[in-house]
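In what follows, structures are represented as structure tokens.
In the two assemblies presented below, subunit A is common to both, partnered first by subunit B and then by subunit C.
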Partner chain A sequence: MIDRLFNWADDRLALSRGGRHLLNKIFPDHWSFMLGEIALYSFIILLVTGVFLSLYFVPSEHMTVYHGPYLPIDGTKVSEAFASTLRLSFSVRGGLLVRQMHHWAANIFVGSIVVHLLRVFFTGAFRRPREINWIIGANLLILAIFNGFLGYSLPDDLVSGTGIRIAFSILESIPIVGTYLATFLFGGQFPGSGIIIPRFFIIHVLILPLLILGLLGAHLGLLVRHKHTQFPGPGAREDNVVGSPLWPVFAAKTTGFLFLVAGVSALLGATTQINPIWLYGQYFPWKVSYAVQPDWYMGWLDGALRVMPSWEIHFPGHMIPNAFFPAILLPGITFTAIMLWPFLEAKLTGEDRREHHLLDRPRDRPVRTALGAAIFAFYFVLFGASATDVLANYLSLSLNFVLWSFRIACIVVPLIVYPVTYKICKELQETPGAGKRKVHNIVVRDAEGGYHTIPAEEYPGFVGEEAPPLDVDRIDVLTPAGASEPTPGIYRIPRDYTD
Partner chain B sequence: MTPPRPRALTAPSRARAAWRRLLAPIGLAGATALGLLAISVVPPVSAAVRAATPLRASSSTSSSRSSAGKVSLAVGKTLFDQSCASCHGIEAQGSTLAPSLQDLGAGTIDLWVSSGWMPLAVPGAQPLRKTDRYTRAETIDIAQYVASLSGYRGFGIPKVGLAGTSVQKGFAIYAEICAACHTITGAGDALSAGITAPSLHSVTKAQVVEAMRTGPGNMPRFGPGILSNQQVKDVVAYVVKEIEHPAHPGGLFLGGVGPVAEGFIGLFAGVGLCILAAFWIGDRTPRHGDDAHPGAQNDDDGPAGEGGGREREVEHV
Partner chain C sequence: MSENGSEHAPSETGEERIAVSADSSQFQVAARHPRRVEKSAFVLFLVSVAAFAAFGATYVLGASDMVLGVLLAVGMLGFGVALASWGKYLMPRGPFEEYRAPMRTTEEQKKLLVSDFASRGKVAIERRGFLAKVMGVAGAVFGVVALFPLIRSLGPKPGKTLDTTPWKKGSYLTDINGRRLTVADVNVGGFVTCFPEDDIGGAMSQTVLLHPQTTDIVTRVGRETWAPQGYIAFSKVCTHAGCPVGLYEQATEQLLCPCHQSLFDIYSGCEPVFGPAPRPLPQLPLYIDSKGYLRAQAPYNEPVGPGFWTRGGEL
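So, the complex of A and B:
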């Protein structure tokens, strides 16, 4: 019956040809290839929970009187956006859970993109032919950060309102066009003419998600086109991919992984409070709270604003405000450098522009690894600098001392990280068997009091010596017409990326 | 007899000698820096010991007196002479070490003693909150005694009832005048140069009023011209009802420090658990051929182009 239905549909849609091709796509089995999937699945969770939230959220700055179970705000004037967020948190069944899942999933989304980017960077997966996909990925990161900031701003609470105020000033700091841009976006001087929440809303729920979806499609499409990279391994070569086919092995794995990521979001959403806007209250431009931080993925920018010395450059007749350097120039340089890196590396290493499908182990590229680690350390220090006040408070140190420590650290730490990483890479290269599983030894004492070392007993599944690679049949995934489904297992198919 | 010739230093050994000369100052500087750090982080042992074993003048009398509810200026004087007069002077007239307490009301003294700021343990930018070493009655005795020295002129110890207060109004005032330093959740935070706005998670009603009305340390004073008694009481109601017992229906409170704590949870618990899941599902065995040169196993594959052709061939399945 089902077969007949499929045949009927296939006669008219002719999907099986492409479908067959897709189902046979080989996915490498190494766990580090699943980091990008965390981002994909947390994005799906964001879409699903976001649709639920949009049913209850009112994107308006009109003032209204909140009536509800939260006493300290009951009967006070707040904006529609804030009141509707309170209602969906306290008065909608499951609303707070979904809201918290949405926020945690956003944190996981951006975090997994960064981890995925690091994996791709350190293993050299960005090299030809994948430069375009690398650039698309960097743009996805930018969009994710922007959309996270917009979503964080929507409830119109005291903390996020302060963030919008800072964003306004950052926008204003761009030379020549900044004041116009800020005025156009906000419809006047801060806080604008009551349009910033509706505008942020439409950008957050429509424009940026569409862009992200489109780029995500391109990202995955190019992934299929290029096929996966892979680590050097048994039978793995530049001209093939070793792994499990999409159907049935990888499909089962990845579906399970979707549920695991959803489970982590739900676990955090159910047990750990995030962004308690009822404690913050409605934003008014004349109210401000101390210790206001953005969500973590904006932390490095916040930290850069904090550690930046109070320098301003005066051109004749024109002043470039201080905020321009850490908040516009730094991210501009950062993302430009990220996107140009594949080309820079190809040029700097003097390497020919061959295609690379086999990944590097980070230790085998000590310069790239050390450079990446040093630059990452720089951003990590900036990230830490966004918590100067909290650190000073909890460590009972002077805020000035903490701030100056970060100023020095963001220069010194990368300078230390580079040689240390380089040295570690070199050492690992020289150490045979580094990173391999060890055979455990047990020290025993005999009757005469002597000590001996014997190898530990194998526990189930323990493989001290790795088995030699099996002979793998070639391309038998692609069975001739009429044959049954391929059996699961390790397959090797050739790359058709030769043109 | 020729005088012994100075040993010619070769370049590397000269460098080593220079290093050796530098070693002592570098080590000293490092040790000093470490020591300074330790001092600034860890309170001195004597202060810790004193805080742990409070001096009680007459705990038996004070407890009996507190039930009676009477103030004993004699006990206050004894305690003042024991712990305060050495810096503030026997008549609370002040000295080079400490300011005069004349003309200060009992409310000011009560705040500084009950919060454990005084007696001072560690001189610094700001006295630190400690467990107060006196009972409530002893604290009041000291406060009243100091106030009596200048004829009870300043702000007295308030009695705060929360009947007829509004947490809504309190929250609005709190967000406007308190949150800028104490943070909107009352967690407190570090201000510049070692000054901190203390946490409000465990303060008494009287302390909130005394702090607002007298303006301790860096804190501004909010006198009756700025806030009415009713408004002050509203703030007190918000602090003791909401800030000290924040509503956290969403789960763990995370200390009320906002996205700093949330970011760490999101990254380490959220992304971390997802990565562990990937580690669990994925293949983590180091593959046998790790060290093999790519392309070393030149066994069975034909040229890629041919394979590509075959792949396309069988796509029609």
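So, the complex of A and C:
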């Protein structure tokens, strides 16, 4: 039956042509290659849970009177968006779970992209020929951050509504076109003509997901085209990839991993409350609450808005507002610099422009590593600065002291991180065997009381001495009998192991 | 390869293929104790079967979201760990490799593509040069006008809408319920958010009415009459990022914006004394009419809220 189905499809799609090559695609075994997979799988979770939510959410700012199981606000005026979010949270079976899974998955999505980006940066995986894929990845990060912001803005609650208010201010701070962009998008001066939630909704569920899907396809397509990078190691060369084949080894591992990511999202969604909008209440423009922070990936921008000194640029008839510098210029420079980095590095180091498929160990590139760490420290300080008020409260310090500490820290910390990281890299370079895979040793004491170290016994999976890699496209496996007929490929997996 | 007992065998394609014994270490499983992994994976798959089934049953029965989520998570985590360890420990541990061709093509390949593209295109376009030109014009015009409906229909031009608020000369200070405020409504130390009557709840017209003392407050030269009997009003829209300046600290007579912690000093006309806010909150000139109602002498004399490109005015 399966044979007939396969033949039917193969006759029409020529699956066998090249299909075997796909099964043999090699995926390196290093754990750091899973970071991008987390991003991919959390995106899948976002799509699935998001479709569920879209069946119940009503993207409307139209005011209605809330009646429902959440009694503290029963009978108060709320928007349809707010009311429908409560309805899908409390009256739809499993709704709150799916909503919280969606929100957690969004936080994981952006987080895994950032960590993936750091991995690619510190190992030099962005170098030729992967500059285009690096740029695509940076754009995916931008889109993920934008879509996260739009998503948590949809319920029209007091916290996210304040965020939308700030977004309007940031838009109108852009020189020349800013006021037009703001009134076009909102349908007038803030709060606009009641269309911002519907517009955010369609951008959130259709426009940006389509862009993300397209770029994701290109990202993975280029991954197949270039094949994976790999760390230097036994048998690893510029002209090969060493690891596990897609079928069946990687397929099993990665599918299992998809379920792990989904399982963690489900566990967080089930046990860890996120964005309880019923505690915040409906957004009204004149209301505001204290000690609220945006989702974590907006933290660096919020922190930048806080630590920015109160400067503006005035000239006759025009001005550049304060918010422009931390909220438009800073992210603009950030993402431009990220996208240009591969080219800058190639130029600055005056280095070869050969293709690189073998990754750098971060220590072997101390300048890049130290620079990356210092810049990351800068953004991490900004991230911390988004909690100035909470920290001041919690530590019983004056707000002035906390804010000034962050203003100074965002300059001083990177200046400290750079030389420290540089020094650590240099030290690691000079320490033989540091970070290498350890060979298991056994310490034995002999009859005279002396101690000897002997290497541990080898066993399957022993990581001491590795066998050389086998070329999946060229091997034929002899049957265990050692007989005359080789079986093509690596399909035959011996099962007669001893325990 | 030789140390793995492999031998060379020519393949049909002529490319050299390598025959390897199934006993090669690359084909062995990675686990030290495969039976144990097998058993654990088996148990975990059973756990996920039970958890998924329980999820279905409790969903039908109407369990809480927390129970549903935990069951779902247990099922997925069990499934995930079992499958991943199957792949990691019970399948050939390799390593395997595949060949990677360099991305850079040969000069001949490049030349062939470029010359094909150029020569064919040249023939096609040069033969009908006038067509190419008029097609270019049509495309350009379309490209420009296609933006019109997309951009122009979205919303109104900003015009002067950012510069003014609905406050007018004589506007009554009105609370959120539409009640006109009198001097009796705000005690010393009080704080009320108010609006003009025709814009109750307005995002840009929201104003804080304070009453820190009972005598006139002069915040600045030229504002001698603006705060009669200590009733004083400022725009509630922060000049930094537009949040409502919602926290009033009576002890220091300061207003704090909870979004980015800008601090405004009431007695100096809400000059920003701390944080990122660059400009003072605009002050609404008040008077008390004969019936004791608080009213606006005039609208705000500058745009309220955060800055924008055409705000200008002050240097």
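Note that in this section the second predicted complex is superposed on the first by the 433 of 499 C-alpha atoms of A that agree within 3 Å, B and C clash if a C-alpha of one lies under 4 Å from a C-alpha of the other, contacts with A are read in each partner's own complex, and residues count from 1 in each chain.
Everything below uses one rule, namely that a residue touches a chain if its C-beta (ideal position, glycine included) is under 8 Å from a C-beta of that chain, and two chains touch if they have at least 3 such contacts.
These numbers come from a predicted model, not from an experiment.
By the touch criterion stated above, A:Asp10 is placed in contact with neither subunit B nor subunit C.
Once the two complexes are overlaid on the shared chain, A:Arg20 sits against subunit B while remaining clear of subunit C. In the superposition on chain A, A:Leu305 makes contact with subunit C only, not with subunit B. Using the contact criterion defined above for the overlaid structures, shared-chain residue A:Ala291 touches subunit B and also reaches subunit C. In the superposition on chain A, A:Met319 makes contact with subunit C only, while subunit B stays out of contact range. Of the two partner chains placed around the shared chain by superposition, subunit B and subunit C are both touched by A:Leu96. Look at A:Asn240: by the touch rule set out above, it reaches both subunit B and subunit C. Contacts of A:Ile166 after superposition: subunit C is touched, whereas subunit B is not reached. By the touch criterion defined above, A:Leu35 reaches subunit B but does not reach subunit C. Residues 29, 96, 100, 234-235, 238-240, 253, 256-257, 260-261, 264, 267, 270-271, 284, 286-292, 388-389, 399-400, 466-469, 472, 474-475, 478-480, 482, 492-494 of subunit A lie in contact with subunit B in one complex and with subunit C in the other. Chain contact summary for the complex, subunit C toward subunit A: residues 1, 3-4, 9, 11, 15-36, 59, 62, 65-70, 72-77, 79-89, 91-104, 151, 154-158, 161-162, 176, 193, 195, 201-204, 206, 236, 240-244, 246-247, 258-262, 272, 274-279, 305-315. Within the complex formed with subunit A, the subunit B residues making contact are 40-41, 125, 128, 167-168, 170-172, 175-176, 179-185, 187-194, 196-197, 238, 242, 246-254, 256-260, 262-267, 269-271, 273-275, 277-295, 297, 299-302, 304-308, 310-312, 314-317.
Residues of subunit A touching subunit B in their complex: 16-17, 20-21, 28-35, 37-38, 42, 70-76, 89-90, 96, 100, 104, 107-108, 111-112, 115, 158-159, 231-240, 253, 256-257, 260-261, 264-265, 267-268, 270-276, 278-281, 284, 286-296, 299, 358, 361, 386-390, 392-393, 395-400, 402, 432, 435-437, 463, 466-469, 472, 474-475, 478-483, 492-496, 498.
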